[in-house]
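Following: one structure in structure tokens, then a few remarks.
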Amino acid sequence: MTKIEGIFTPTIVPLDDHGRIHEEELRRYIDWLIDQGIYGLYPNGSSGEFTRFTVEERRRIAKITIEQAAGRVPVLAGAAEANVKETLAACEIYCEYGATAVAIVAPFYYSLGPESVYEYFREIAVNSPIDVTLYNIPMFASPIDVPTIQRLSELERIVGIKDSSGDMTSMMNMIRAVRPSRPDFVFLNGWEAALVPMLLMGCNGGTNALSGIVPDFFRRMYETTRAGDIEAARQMQFQLLGLFDAVVGNFEFPLGVRAAVAARGFQVGKSRQPAGPEQQGRLDKIVESMAPSLAAMGYDDLEKFCAG
Amino acid sequence: MTKIEGIFTPTIVPLDDHGRIHEEELRRYIDWLIDQGIYGLYPNGSSGEFTRFTVEERRRIAKITIEQAAGRVPVLAGAAEANVKETLAACEIYCEYGATAVAIVAPFYYSLGPESVYEYFREIAVNSPIDVTLYNIPMFASPIDVPTIQRLSELERIVGIKDSSGDMTSMMNMIRAVRPSRPDFVFLNGWEAALVPMLLMGCNGGTNALSGIVPDFFRRMYETTRAGDIEAARQMQFQLLGLFDAVVGNFEFPLGVRAAVAARGFQVGKSRQPAGPEQQGRLDKIVESMAPSLAAMGYDDLEKFCAG
Amino acid sequence: MTKIEGIFTPTIVPLDDHGRIHEEELRRYIDWLIDQGIYGLYPNGSSGEFTRFTVEERRRIAKITIEQAAGRVPVLAGAAEANVKETLAACEIYCEYGATAVAIVAPFYYSLGPESVYEYFREIAVNSPIDVTLYNIPMFASPIDVPTIQRLSELERIVGIKDSSGDMTSMMNMIRAVRPSRPDFVFLNGWEAALVPMLLMGCNGGTNALSGIVPDFFRRMYETTRAGDIEAARQMQFQLLGLFDAVVGNFEFPLGVRAAVAARGFQVGKSRQPAGPEQQGRLDKIVESMAPSLAAMGYDDLEKFCAG
Amino acid sequence: MTKIEGIFTPTIVPLDDHGRIHEEELRRYIDWLIDQGIYGLYPNGSSGEFTRFTVEERRRIAKITIEQAAGRVPVLAGAAEANVKETLAACEIYCEYGATAVAIVAPFYYSLGPESVYEYFREIAVNSPIDVTLYNIPMFASPIDVPTIQRLSELERIVGIKDSSGDMTSMMNMIRAVRPSRPDFVFLNGWEAALVPMLLMGCNGGTNALSGIVPDFFRRMYETTRAGDIEAARQMQFQLLGLFDAVVGNFEFPLGVRAAVAARGFQVGKSRQPAGPEQQGRLDKIVESMAPSLAAMGYDDLEKFCAG
């Protein structure tokens, strides 16, 4: 079985001038990420703007990603659809495509309580032909609380959780609740602004949007932390905080991430959510905004940085 | 031009034992609502669980509703899809079907700021072949603030707003900002717990989930308020608060509404979001929960009430 | 027994150049308010910055206010102190001074739940020698929820509530819960941005900071609403919304109120909370900010307005 | 100069049967804490329910604490009063008493923005005769944001911050913003549920309510973390999470802490905020609630634990 650990990139989707999936560029981007040393790929996540694509497009994005990865790295495919039945259909198809596992965000729009969140995931877990990781992102979707995660971890098909809450205490409580009975359960941190401390406190890895911009930095940061060099890891975490402010803090997610991937030499095109002139003006200057953080991280040659 | 005013019912969708749209029962329900005196229909709203259906199903729901209304009452069709292009495709189709106007909720999942909300609706408004009403529901979707509504009201295609925020001050500020330059702009209140005061302060009507349970009461309440009988209108508003607690306050929306429509004799089936045993237990007793409020409203014969 | 109804002004406290209570100006301000037709006074409220004074100063403010009112209008004296014992000491003293009743805000700093809020008020109510009104202001203090108000209304000493939540539905639910068993219970609305609809739905009056700036307007608005002239009352409410934005929306409360009272010709001095240059800059232009709203309200002669 | 680092206990205040400060027991408690190895004391904090005492009582609490510590450990005295002038008076007195520094919470009740928070602390800092630490606790008081901390760190008198937000990212951003220009600036973490990772990421220590219950455990945890034994430190952090749930998560703060100190053999008496029967019932069983966590921490002899 492929182990899910290390840093996964939740990939953005390059679009052409007509707003259609730019398949060639997506494949080139995936190759680059793998070449730069990323541990895994995560299509159809929040960075991938999954809600802004049609069902058919989401399938195509997953298919391209799995094909192009070609077994070199594991692929966690985002499989959330309109309801349990549609989500299960996606699970089946992504299983056929050869995904390592699927990731499923808690129901959104309606704000559901723990009981309904449990029922939703339980019904998926007992019917899915492929391993499932939960995706907790309370700022966008119904929260998955600690007792619910504990109950869900009793289901074999549920093999891990990606948590993007940024709440360190909550994530430690999850680990504390689940690890004793499920030592294999995978905890991935989706909030890079606290990645190093989360890894130190027991996470198996991260799914971090910024790793789509500086994948090699993330690989080094992960390995430095794992090696127990706290002082160096802390320095890298602090450097990352600067990049986080410049790319995530300043924009509606994931517009800054898309602009930064474009800055590395990929033709990502415009997001399907039209940006207003004020935000677009700031997006146009993202390289300038990132420059001090990039310099601190060791990317001192901006020309080289922008060449991929 | 059909005037949009009075009480619109955001219709729930009856499902059969396999979770498929129960077309026959939906048609029967629409006839009943019109017979009971409702002013208009609003398919594919939050009560209609639009996010839990596929694109094709949402189209079918709109088509059935418009066909069955057959011009007897206006139909506001919820047309929000994954992105601007898909939403415009829905606008075109619903225009062909003969909808009076479409209603479009602000983008959800991602939390967008005023500038992006404006760009989103602007791009739709300048390309739509049919009139558009905005749908503000900040508990589920990106908020549409007062300055944004004012800017959007400059676009001819945008003819009104449905506001479900429950914030009376905000709704008065909208009216104050827009009416001077757009006296025809329609304000519909989607928060029945404050319907009478909202009507008194200038709203043109409401789109209220509870009107799908007691449409005749809503018609009387609306007419009483319009007639200026404040004392009677206040009494009716207070009676409605009891029903609101029993049907909306106690359940994850819109499960209580579905159960209450079932109680009136319609085969609505189970929601696509599985309910846990705790909530289901309370849903099973919804007639009991509603009974005191219904009695106060004049529905003293529960047997008759449950016969439609 | 003096009836508590109509508009009460929560008075600001004029300070001299050394930041001490400016007694003479406070007395002159109270006379002016009464002359302008205000129904009652409310010292030591949020407008009165009660938390920024010492125990001794709060007593002096209450004493001056009661003395100066001299029975012409009722006085609701804010009596919240550090704990139950100290609050009861204030109740006793304000009773001796001749206050009509006291107003007590729910405990703040710590965020208490319903059970503790109930215990706090219960212990005060059973020991107080003077009638008590509850003060609900959830943006600053622990909320007093509807079931708690219902339980507290069983205590004879508790005679009413001032609600500054701005939540219309919640206030209607309070009235619905309490009036049947306590028809004498007084509901005062402390959120002027929704005063007219609140009065229409059953409130007995308001305690409104802006009434300290335009007391005669508030008297007219109250009487117009009571007389059932909805159309005129609605116009006045909309005019008031403009003043609310200019005086409350733009500043940290109650700095704008203090500046506006100063604009009417009173020497109010500087607040004890130092204002930064950015906010001070806007405070200096408050007359300009208020001007359009004042004109709409009929205060077209600004010179006269600024002369008191 | 005494270094502020390590674990400080924000002390609770024992009360006698009449609700008065139980001086003898407070002195005995302070001796015990010092004997158990605590690094410093922090009277008049949130654990010390400073808002529920009078000005005179707060002074007495500070005096007793400083006297009893008698130079054995540093004392950070909470000095927040009603306004700048009163707070400065407390600074002067606590300086005379011999406090190491004062701690001042941001203004509360009113919710102030960054500019006002800055002005408040600046005016205190330039006039205080004693070093000042800021106290950030956004769930109870106006937040002190990162840019404000950076500006305030330019003032010599401000020597550190206690942060109880529980927000790891925010605390790292503070350190990142301030350390380069003020390497001596002290960062104390007030959220024990994330103490170990906070220490690993650069905090100098913590001010933690639970250290008033198990001071020796906190000393060992601090030293283990400082020694770089990540694995052991992580285990201790996870054990602490259990105690945190039992003592903080289950009760209105700081009732659980008071009950747990009582369980260790101190006569703490009843809080001045009356607890309702439901909460009191759970407080009565706090030893049972704590037992599993205590056992994991090595306190397996509950009888011994309850003997102090």
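Note that the chains are named A, B, C and D in the order they appear, and that numbering of residues resets to 1 at the start of each chain.
We take it that a residue touches a chain if its C-beta (ideal position, glycine included) is under 8 Å from a C-beta of that chain, and two chains touch if they have at least 3 such contacts.
Bear in mind the structure is a predicted one, so any value in this text is a computation, not a measurement.
Minimum number of contact steps separating subunit A from subunit C: 2. In this structure subunit C contacts its sequence twin subunit D using mostly the same residue numbers, the overlap exceeding half. Distance between subunit A and subunit D, defined via averaged C-alpha coordinates, is recorded as 37 Å. Between subunit B and subunit D, the centres computed from C-alpha atoms are 50 Å apart. Chain contacts: subunit C has no residue touching two or more partner chains. In terms of inter-chain touching, the protein chains here make up one closed cycle, each touching precisely two others. Here the touching chains pair up as A-B, A-D, B-C, C-D. Those residues of subunit B lying in contact with subunit C across their complex are 166-169, 172-173, 175-176, 191, 193-194, 196-198, 200-202, 228, 230, 234, 237-238, 241-242. Within the complex formed with subunit C, the residues of subunit D that make contact are 19, 46, 49, 51-55, 82-86, 107-113, 115-116, 118-120, 123, 139-141, 252-253, 272-279.
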